[in-house]
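Labels run A, B, C and D following the written order; every chain starts at residue 1.
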Amino acid sequence: MSALMVNSEKGYIPASERIPVIARPFVSERAKKTLDLVEKFVEEECIPADTVYHQQIGVGVKERFTSHPQIIEDLKAKAKKLGLWNLFLPKAHFSEGAGFSNLEYGLMAEYLGKSRTAPEATNCAAPDTGNMEVLAKYGTAEQKKKWLEPLLDGKIRSAFLMTEPDIASSDATNISLSMRQEGNEWVLNGSKWWSSGAGDIRCQIYIVMGKSDPNNPKPYKQQSVILVPADTPGITIKRMLSVMGFDDAPHGHGHIVFNNVRVPVSNMVMGPGRGFEIIQGRLGPGRIHHAMRSVGAAEKALEWMLARMSDERKKPFGKLLSEHGVMLDRVARSRIDIDAARLAVLNAAIKIDETNAKGALKEIAEVKVQVPETLLKTIDWAMQAYGAAGVCQDTPLANMYSIGRTMRIVDGPDEVHLLQLGRNENKKGKAHKSRIEAQAAKSDELLKQYGLEKKDVLQLNRVSGGKSKL
Amino acid sequence: MSALMVNSEKGYIPASERIPVIARPFVSERAKKTLDLVEKFVEEECIPADTVYHQQIGVGVKERFTSHPQIIEDLKAKAKKLGLWNLFLPKAHFSEGAGFSNLEYGLMAEYLGKSRTAPEATNCAAPDTGNMEVLAKYGTAEQKKKWLEPLLDGKIRSAFLMTEPDIASSDATNISLSMRQEGNEWVLNGSKWWSSGAGDIRCQIYIVMGKSDPNNPKPYKQQSVILVPADTPGITIKRMLSVMGFDDAPHGHGHIVFNNVRVPVSNMVMGPGRGFEIIQGRLGPGRIHHAMRSVGAAEKALEWMLARMSDERKKPFGKLLSEHGVMLDRVARSRIDIDAARLAVLNAAIKIDETNAKGALKEIAEVKVQVPETLLKTIDWAMQAYGAAGVCQDTPLANMYSIGRTMRIVDGPDEVHLLQLGRNENKKGKAHKSRIEAQAAKSDELLKQYGLEKKDVLQLNRVSGGKSKL
Amino acid sequence: MSALMVNSEKGYIPASERIPVIARPFVSERAKKTLDLVEKFVEEECIPADTVYHQQIGVGVKERFTSHPQIIEDLKAKAKKLGLWNLFLPKAHFSEGAGFSNLEYGLMAEYLGKSRTAPEATNCAAPDTGNMEVLAKYGTAEQKKKWLEPLLDGKIRSAFLMTEPDIASSDATNISLSMRQEGNEWVLNGSKWWSSGAGDIRCQIYIVMGKSDPNNPKPYKQQSVILVPADTPGITIKRMLSVMGFDDAPHGHGHIVFNNVRVPVSNMVMGPGRGFEIIQGRLGPGRIHHAMRSVGAAEKALEWMLARMSDERKKPFGKLLSEHGVMLDRVARSRIDIDAARLAVLNAAIKIDETNAKGALKEIAEVKVQVPETLLKTIDWAMQAYGAAGVCQDTPLANMYSIGRTMRIVDGPDEVHLLQLGRNENKKGKAHKSRIEAQAAKSDELLKQYGLEKKDVLQLNRVSGGKSKL
Amino acid sequence: MSALMVNSEKGYIPASERIPVIARPFVSERAKKTLDLVEKFVEEECIPADTVYHQQIGVGVKERFTSHPQIIEDLKAKAKKLGLWNLFLPKAHFSEGAGFSNLEYGLMAEYLGKSRTAPEATNCAAPDTGNMEVLAKYGTAEQKKKWLEPLLDGKIRSAFLMTEPDIASSDATNISLSMRQEGNEWVLNGSKWWSSGAGDIRCQIYIVMGKSDPNNPKPYKQQSVILVPADTPGITIKRMLSVMGFDDAPHGHGHIVFNNVRVPVSNMVMGPGRGFEIIQGRLGPGRIHHAMRSVGAAEKALEWMLARMSDERKKPFGKLLSEHGVMLDRVARSRIDIDAARLAVLNAAIKIDETNAKGALKEIAEVKVQVPETLLKTIDWAMQAYGAAGVCQDTPLANMYSIGRTMRIVDGPDEVHLLQLGRNENKKGKAHKSRIEAQAAKSDELLKQYGLEKKDVLQLNRVSGGKSKL
């Protein structure tokens, strides 16, 4: 057993043996083997590589967003050789991937979530994953050849441009980047931001949502999605956005301006007015991928917390942190919440496998809210265990927190999902009310059958003023 | 479709269709059919009967603990006829039950948890369930004939006497009721409390834990478990204990005094000193049953909350409660937490099925803590939706809260389980620490391989005082 | 020092020395002396009497609501002799009371909140307090003579009938008990519930809110308040309401039916249509009194928790509860929250003293929400420290919880107060927005003055596709 | 009224009119005037200057920690002219300051906490404040002349070097930087980190705690505090530490190495072995200053949240954020918590004024824990209101969060303060227990006096097996 992999007091227990029992029937033998390979690759190769990756990025804004760390290419080569490539594309819908179900990939993604480099190294990094799904599902043969193939091969990267700075993007009908057809071209004008991955110099294709038919009476028909090569004239990356102090270089989150950007009509995906159809298919799996990786990140935070609690050099008031009851309480609560979060994510993945993203709407929304809360609480406690070391560059915790924090916002803030969940559940309100009333009516009948007069538990029937009523 | 069963805006969706996808491979077709029968029995028969049950219990302390509501016998007859009997005894270990797994019973128990009468009506009520398991597993042929058979048949009831008033019972080595052997009898002296079910006049047998060998150097060998007929001379039920204001009559929770109570040695279970062995096997499944029913209770609370939110007579500030965003937010959060709790319970049940209660120690401890929190929060919100009606006798919520509240205490307070969970998890601390260190060492090697000198992200190397260092 | 009063490791520290320093300038020397007397009376007389009080109440519904515990009269005699009588009536507005400010009474009420009998013993019990304020402030000479005088003297008790079962009472414009004038009488028809104190056989006067002018276009002019003797024909106390399982006998909470109840027009308070005016003045101080007593109840819960933590008989896993870190953490958090709650209550009381209940709207709403949360959390933790003993009749905790729980509902559920607070605060939103914008504009000016071009911290200005922009 | 100051729907309400009523007796007229001046200076000058300040700092690590933004000097000149200088030095103990009490300064510090530049502009920035207090209180005439005078004048800055990377610094007896006397010099060896302010090129003096007498049997006598000029040979600032992704340049948090650093014995403060005495006096007020500013930061976060909620461009689902009930609920809860936090801080400040930092140990510990929780929750909700904009550089929220997060760690993590608070409170446990027992004994006496036999509320006294006992 490699020292890089020991994960319990009994040494190394493989990932495949730690799958929750309830999920096991859904995991093929091949997936189990791959899962163990993924864990090994992440723990032995990727996590150690993370430090190198950070060192290979420059320090000034411009350097950081033009560097391309060599180690990522070396990891990609290793991953390809191991067969750990394009794991995310669900076998039910795509022939291009590694042939796993969402559930199986979900188990793997947990481990990818423990390393900065692992998702990209296995070509499973957002936003490429969702973009590849869009292209594979809706792209023309030409579009696939030009963009999907190099993406699948890890040669180029991509961005998904939807959110805009000047509107409430949590409601996508507000998206307003102008798309105007002129001859056989579409002309784009407007601004996008939070274009994740746009900072990467290898990012060559943007999938852009805009408003092509602003006067359509059906609000869900006004939008289109179009493919825009990153080097099309008129596009400027104005600035990168920071996330709780981090720039997430070299990928980053771009604020991009479109000034009369012209794209051939053949770049339209599916045809004008089909924007909503496309993004709805895209967002579901993405949310699950985020959630899966977040479970892994939470485990990592808990591992770091436990490591600190065993640090012999850190004995406030003469006791190891692990001898302080409050710390053990937090460990236990983290354990409970993470295990519960994992089950919810796996159940959602299976629901997608058995229906599709739309069929798993409720389950996806649930984990969208549940998982980041668990993640952030765990990281927060881990930070606190480390004291000042926990907020600085000496642990990965602060950076993890910044990423976890955005999970409560990306793809719609929690509040939107909660509102939607609440409304859907509320649809059952009348049914519950009428059932409860029907049951009460039956109670009344039964009372009669049993010859009982209905009495209140505290029946008094007294004339007020204290005297008993006849 | 019966009006007593409508549970969604689309009418009635059977329980078997609402099983989380992740659990489905574990549920046989027969179990699905039984599950739907259970739901039907609970919604159509038991919930309406609950009111009658409460009316058939008297009002004074003595009446309440001597009455035996007739309706429960009528329900038992119906349940037997439907095959809904002794559902809880897991097929893997017992031939006496209905032949379901813990997982399958778990799904059913959720529905039983929605009604006061349902668990007893199906002979699945605590503490009989655990007591039947003990007798079936460890009892002699004679003990089985005398006590297990009538229990399995619903003819008598039983109590489990473990907790004591004068010690910290959360640590069972403290149990101190004296058991002294005299000839072929054991003589018992001491006090027990929280003897649930002891109030029922049909309760004929006590399973009693006591200290038979106080000087045994092995603290886990000092205790024994013995069968004590309820009418043995020397036993007095001193009083019943209330739970947040409720007496839980007619079963109740007894405070019982033993004064030279004599029992034949043949009543000993397994033999002297084997008390711990017995209770450890007993407690696991009981905790899961509580958790399963608690999930059902939480669903019921949510249903009541939703019913109120649709009440046209209750429009504060001109809007239905369901139009107030805060209410929908709570509905959504309840939905998330209940769904997560259910998955955790089902996973724990499968773990018991695949190993045993001991093998599922972690999973059981997790749901022991997680589920009551979810239940209580949901009830609390439902109460708040009802306003004053929510805390009084006009809804089942206050009584449900009182039961839910004890779930954080019975079978050991949460704190004990959290401490144990935390300690077990902490055992991995050194492994995590050494792995993280090994990974850091590998990072250093990699940096050398890539020709990089390790630099801190905010490296300054300046002589202090502001001048740069050479 | 009496053993009944020792309250710290240093013996007895008088209440007057424990007043938060920030509140001291508001407390007269006379109030300090009275405060110490109140503490002494509560600890030495009332708390020991609570048990007797409970024993003197009968057991059946009818007994419990017709008994009048003798000990309360004995306590009242003692309190009167000590000058601890009608402490609540603020000196600024009433000459009938003991001459203290709301702040001074607030400090005293904290101690009253530690005992069941203390508020009534000092004639400071709800709902009489609010009712006396109404009569003193708005009553005619005749009304005062008939009802205020015996109330001030503790000869009779009263109830305030506002909430109704069939509407959303949290919005008082919904109140709909019909008041119809016929000649020189008003005729009342309808139902009231949560009429607290109506169970007491000494309760002789109801202050009733109803709808006298249902067609008045001004919704706040439709209601009136009228005095109704409890023995007026046509009034029936249908039943008493339970609160989380408790009946709060002998006072209780009545569900009362009005059937052609006739009252002379001279019983109207202030005149028809002035109901809102009256209740608004009434509710403010009542909320503060509840809050003050709740702070005391929270202190009591913490004291009980600490007492248990020092119990040598309760040593789970060989350690006193006070040696378990989680318990100390809860003690500390309770301490923090209670101390903060007290300051908020005292500040609100001073605000009432310096303006009036309306002027302290925000402060009262704040403590209305803040204090019960603190109280309930503290009780919950105390219960958990006691384990099963904490939920049963062996500690006062369960009963305290039931009372505390209603505090989140009485006088309007928390949600209504939060909504109102949120809306009031939101009125400042535009001001904050315009200020922030003006400050940003000034930043732009300053940048120019300093010869700086505004740059984003992550400015990139690169044509996308990776090439730098000129 | 300046547009830069409007703070309510009624325009501008001065800070002096918004002082909580309970605190008013403690505020002199002069302090009220100064308070209004502080608010005006912060809102009109400092907040607009914050942007310029950030622009004047360079971008690379070395630039950022060598730049000195000119605007801070311009603000200092303005502040001095306005008399807003050295406001923090409490009049009771120091003649060097502006002559205000801790309470008065507390009110002012709230406003300083709303701007990055304000504390330094008024010479009230940590760690100089605490360092000036140390020098003023314990320094020799020579030390004062050399270091205190230029500090008071804002000519130089300082750092306080206590925390070390290799030990559990939350327990200061662990501090181990070696101080060895050689002739008339002390020789220092070891490492310090989290030396806040050490990055500033104007930082000329370090106040250093180290271990001068490691074998002293009294662990609180082993440490000394010594003054070390920043340019003393042997000192290297190895790197700066980041805080949740931010570097806090140009001040920053240094990791500093001492290699045979020699300082004259005359630089010792108070004499060898008096380190604990000095730091205990120093930490109290510092914690209060942090808390005061944190209250202001929380108000600022709430203001930003409210501003966003009124943004007409941001209407998810057709409604302003301020029309969503969940948002108003959060506003209300923030309002409640911030108002409560302020009262706690002000009460602690008065306690310091009336006794000293030691006398206010409990109050300081309480706000140390309470205030950052309030601050972080408020910022978190404000972020969420802004969506993605809330975590990036377009609002001050992310940076505020990073600072607020450290408040749970600096000067000892929350856990240490909670443990200490819990232990102190627990000292009363036995007193509470004996009092409760004495009260119960008196109850028993009273029962006898009233001729009552003590009965349990659920007394049964039945022989078990259902038959009643005689």
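Everything below uses one rule, namely that a contact is a pair of C-beta atoms (placed from the backbone, for glycine too) under 8 Å apart; a residue touches a chain by one contact, two chains touch by 3 or more.
The chain list, named the UniProt way, goes like this: A, B, C, D = Acyl-CoA dehydrogenase NM domain-like protein.
Every value quoted in this text rests on a predicted model; they were computed, and no experiment measured them.
Chemist: Within the chain touch network, how many edges lie on the shortest path between chain B and chain D?
Modeler: 1
Chemist: Can we say the copies chain A and chain B touch using the same residue numbers, with more than half in common, or are the two sides different?
Modeler: Answer same: the two copies use largely identical residue numbers here.
Chemist: If you average the CA atoms of chain A and of chain D, how many Å lie between those two points?
Modeler: That gives a centre separation of 36 Å.
Chemist: Between chain A and chain B, what is the gap in Å from one C-alpha centre to the other?
Modeler: 34
Chemist: Express in whole angstrom the distance between the two chain centres, defined as the mean CA positions of chain A and chain C.
Modeler: 46
Chemist: Send over the residues of chain D in touch with two or more other chains.
Modeler: 61, 241-242, 324-327, 329, 393, 415, 418-419, 456-458
Chemist: List the residues on chain A that touch chain C in their complex, please.
Modeler: Against chain C, the touching part of chain A is residues 61-62, 65-66, 198-199, 201-204, 206, 229-233, 235-242, 247, 252, 254, 256, 324-327, 329, 456-469.
Chemist: Which bits of chain D are touching chain A when the two form their complex?
Modeler: It comes out as residues 59-61, 163, 165-171, 174, 193-194, 241-246, 253, 313-317, 324, 326-327, 383-384, 387-394, 398-399, 401-402, 405-406, 408-410, 413-416, 418-419.
Chemist: Where on chain B is chain A touching in the complex?
Modeler: 2-9, 11, 20-23, 25-26, 43-44, 47-52, 54-56, 70-71, 302-304, 306-311, 322, 325, 327-333, 335-336, 339-341, 343-344, 346-347, 350-351, 354, 362-363, 366, 369-370, 393, 415, 417-423, 425-436, 438-440, 442-443, 445-447, 450, 452, 454-458
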